[in-house]
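Each of the two complexes below includes subunit A, the first together with subunit B, the second together with subunit C.
This part shows the complex of A and B:
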């Protein structure tokens, strides 16, 4: 009876590599709560989620490209988030286009269009993803600066509500949930299976008749679309468009995806894993902030915990899968 | 030498009966990076004909000095990319080298030799930890080096209490200056140093057993282990070398700017990576340091032309990104899927 339970537990860990990351995230959440009792109260959730949303969405927006394989590390997501926030605050709201019914679709369109261009560069023109998105990083950072020379604050608008609450629902929650809704719809089509097949072995997928280029372009477009949502979240959280911090989310977002169990080689991983990975990094930062230590210490601790977290999550999930294999053999 | 390292898939497009003109051209491309050199020549020609004083000795010397900084930033990254990893801690090593040389010599009055020895020792050790941890626990080097980068920056902030005040030794400013002559010859010492690093790395990668092990490990770590390559040692030493090169560059950058701060190395991350990739080195055992040298020269000439034409910083970045895509279109793309079955 007991071994049965153990086998079931190990088996479920094997199919859900993010489960161990989730355990780490929960421990960090409890630690945060212990360090500062006002961390997560009923009234602090909206602002907590608003702070978390841009980073979580940066990680989520990096995931489809990585799942599509061929070294799909998209380093243009950080600057894209920034560009979208600059467009929304500096170009739309500042010039009087204050209707969310125009601003939100515009932001999503900018994100998806940039992602689609990246996808064509990688999928059709056969550029390496790192090179294509590195050029994207330069072009998008330049474009952000060209549109808006200095950070601009947003006036009172729908963005203020999105940064707090939309009706009874925290705005951050809506933003974070929207990519998952898209993903749920896609799960009812053949697309996700094709995406994982292409990421796992592109040559085999091509031989099996999968249109690899189309799958990749869609993956990069989805990433861009999610980055568009992330840009809205960034504008909502800061209420400014800031062209100067274009690359701040790039590297932590990729780290979050890796911690969440998505393979950097492609074909394995999930959006949920990236969300949990992002939560881990975010909670490490808030924990260090609440401990109120010497202001020069946080980066040191952050780096150390980052390494410990990735080692722990990789080692534990390997041990679990090895043990689960052992159980299957024994049975 | 490098031609024998190419996987067979690369030549599949050629006709089987006798080397056609195209096949011969492709062979020359693999050996001597024809397209990269052609692009470099064309960019230089563009600058020389449209920007005033572009092709003067002083202008060429200062371009070589800029390229040396960029090329050194891409040196460790080239090695790491060849074994199949990536090193995001290069900027931290650069900032660290610059801060340490200024603080130890300027504030604590150490001798330059002692300070340099401590910096290089620490850089080797921390770099080795990057490689060892990544391989021992089979975790992405991307995350490990990102963590290391934060730890180094955090450590430096803690040690300097957030404000590095020392000045780097004066002789380093001379070494990195454009106007200095090397042993009476009108080439800046920094450029000579870069050439030495390039020759050492080029020969090590192309002609020695340790170099061959780097390629074996990057191409297929499992197969390399079966051929008795100790891949963990290769990873550890490769990342140690990357740390060391970052530390050396940090000392030089400290000398060039006269002092250090924790964001000094940041611009070198993406631009150094760009030099590696534009040169034509790709993840996992394809490429060498000569390609990065050409990549660094190419990017420097491009930047100089754009500045010379008076573009704003924002426009420069956009044109820079678009032109890299255009240049690399000639040589740096993956083979078609239908040719890989």
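This part shows the complex of A and C:
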């Protein structure tokens, strides 16, 4: 009876690997609310979401590359967020190109172009993803600082709205929701099936006729596109173009993706999981801030959560592969 | 691409006129590093025919299939599909666009995805679906319904399916796209009997409507039942092609082994070592099963015995070797002569069982280390002096084996990669001999080894055997099995098909048993 329950629990965690993370996120949210009753009130939501959006988008922007398998990872996402904010605030707005109809597409284009280059390095030239995007990390950091040595502020009204409210809707919500809209559209095309197939079993996908290289390039381009949104979120939240602010997101973003149940070997996971993972890390940070304890503690805590998450996901995939192996031995 | 292809006219009744060739392969060759997997293979596949390709291990069947499927590119030669212009750069995708679909020996499904996703895998553009989802569902159910008496739900995860059902998904993946040429590479081995029969019906209908099927199977019965033409591959060359009924099973076996083996079989020297076996049992298995449903194996290895393991690739001979070295089996146990159970490779090593793996590069060599280090890794304890490792002692120990095995090397400090394949293998063998094993297990040790080194290894095995070491050797070289072994176990579909004593060993007899034939008519000429 107990083993039956365990099997069912494992089974449902297998199909929804982010379920556990969601439970943790809810607990952390309640804890935040208890620690500081002004944490989430009706009026504080917009600013809370605006604060959360850059990091949430960094985590979301790291996800498609990991889903594409073969050690797929993009560690240049943090500096890419910086670069986009620098281009929007330090270049476009500072030089008088203030229309959002130009600035927003430009931000997205910069992100997607950088992602596409990473994708070609990994998918066609077969560089190891960690190395290719590590180079990207240095190049993008350097580029951001070359364009703008120190943070530059902006009081452009559309950016201010995006950091607060656009009409009745929190700007942060719009920013965070936009990758999900793209994802929903993709789910109605043939692309997502192929992305998960390439990440799940590259050999099977290739021999079945999937164009593995193009699927990978697209995954990195999507990651870059979402990072473009993240760059806008960064500029909106801080009202500045900052060449260094998001660099610190790089590793926590990877942690958030892993906590959200996305497999580091590819083929399993979701954007939603990464959002929840990012919420956990964000909520630990805010909780520590409201409790006024030593600022080194948060890293310790999400390190510990990460260990639990990784052990759990390894156990899950092992039980799954063992179940599959019992059959394959019969080959 | 249309789901069903109404434009395909029904073919003329077979035999009325010679059908035009649909696929023409001319003198294709392919090498992997120093190994020439395919030297020169030519064949023509006519519309409407089932074209079987037979050959023993290493004859190049799988390589040919991978070239046809676009997984590898040929080094030389041409592959053309006469009805459509050849694809530019060959890849699985471009080859499929030309109408060639392949079902591989391995069951290539994406475990995390559904039956429907797996059946249509690879058919779509990057974003655009080739066929609407509702049409996909209809077509997938139709094809799966033809293959399986109880098709799984289309949304079931493929990981929950049986092996036979998963292979049926791979076959359906080819069939839903209305292939012009369907390649089945040992695809029937993972299928249950009912599914296989249903597949044969589908294959016949495909041929009747003007398609063609290339069929590779290790089951002579299936080839007899289905094939209109049989091409024989031997050592990477297409050596003969027969129309249905033109060749007897014996003739096929003769073509597969090559006529040179025939004399080797009759002129073989009588058992050379004069009954060195003392009868003492070194290793035994009890009710060992290599796969679920396999026949149990009760095997005993006596001191001084040389036992060969043979069979077509992947029929259980590797699994037995793994079981003997303590790496596990589905059921049953392995123990030493004095009844110590072997539960892990560590147990086996402690009990004096040494194993020389098949793949030198991946499983036995340390390419970045020197020759002497590669030699000494398994027995470093013997090189201790005052508790520290002594390089000189290691070199001195190696020197014994250098002369004994005739290893040709400059200095033991050279990197192992400086040696030829044969000498690398000798170093690996020396590594395990230095542990003074009671039993030596060898996994195809002469693969990719030059003739001189092979002879040295044969001499070594005979000497070990006369000293009472028990040897079990898996080999893909028929000649060495025939000439060297006291007995040979032939594996087929996970069980021991036959145990052939030395007095009855012949290359033809072994190959006939690989394909499930008896050994009785081995002296047909």
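Everything that follows uses one rule, which is that the second predicted complex is superposed on the first by the 277 of 331 C-alpha atoms of A that agree within 3 Å, B and C clash if a C-alpha of one lies under 4 Å from a C-alpha of the other, contacts with A are read in each partner's own complex, and residues count from 1 in each chain.
We adopt the following convention: a contact is a pair of C-beta atoms (placed from the backbone, for glycine too) under 8 Å apart; a residue touches a chain by one contact, two chains touch by 3 or more.
As the structure is a computational prediction, the values presented were derived from the model and not from experiment.
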| item | value |
| --- | --- |
| Partner chain in contact with A:8 - subunit B first, subunit C second, else both or neither | neither |
| Dominant contact partner of subunit A by residue count, subunit C or subunit B | B |
| Which superposed partner A:207 touches (first subunit B, second subunit C, both, neither) | both |
| First, second, both or neither for A:191, with subunit B first and subunit C second | second |
| Touching partner for A:141 - first (subunit B), second (subunit C), both, neither | first |
| Touched partner set for A:255, first subunit B, second subunit C, both or neither | first |
| Residues of subunit A contacting subunit B in one complex and subunit C in the other | 203, 206-207 |
| Contact footprint of subunit A on subunit C as seen in their complex | 69, 71, 92-93, 96, 102, 104, 107-113, 117, 121-130, 159, 161-163, 166, 173, 189-190, 291-293, 314, 330 |
| Subunit A-touching residues of subunit B, taken from the complex the two chains share | 88, 133, 137-140, 142-144, 146-155, 157-158, 161-162, 270, 273-274, 277-278, 282-283, 312-322, 324-325, 328-329, 332-338, 340-341 |
| In the complex, subunit A residues that touch subunit B | 70-71, 73, 75, 121, 125-128, 130-132, 134-139, 141-146, 202-203, 206-207, 212, 247, 251-252, 254-255, 258-259, 264, 294-307, 310-311, 314-315, 318 |
| In the complex, subunit A residues that touch subunit C | 186, 189-191, 193-194, 196-197, 200-201, 203-211, 214-215, 218, 267-268, 320-321, 323-324, 327-331 |
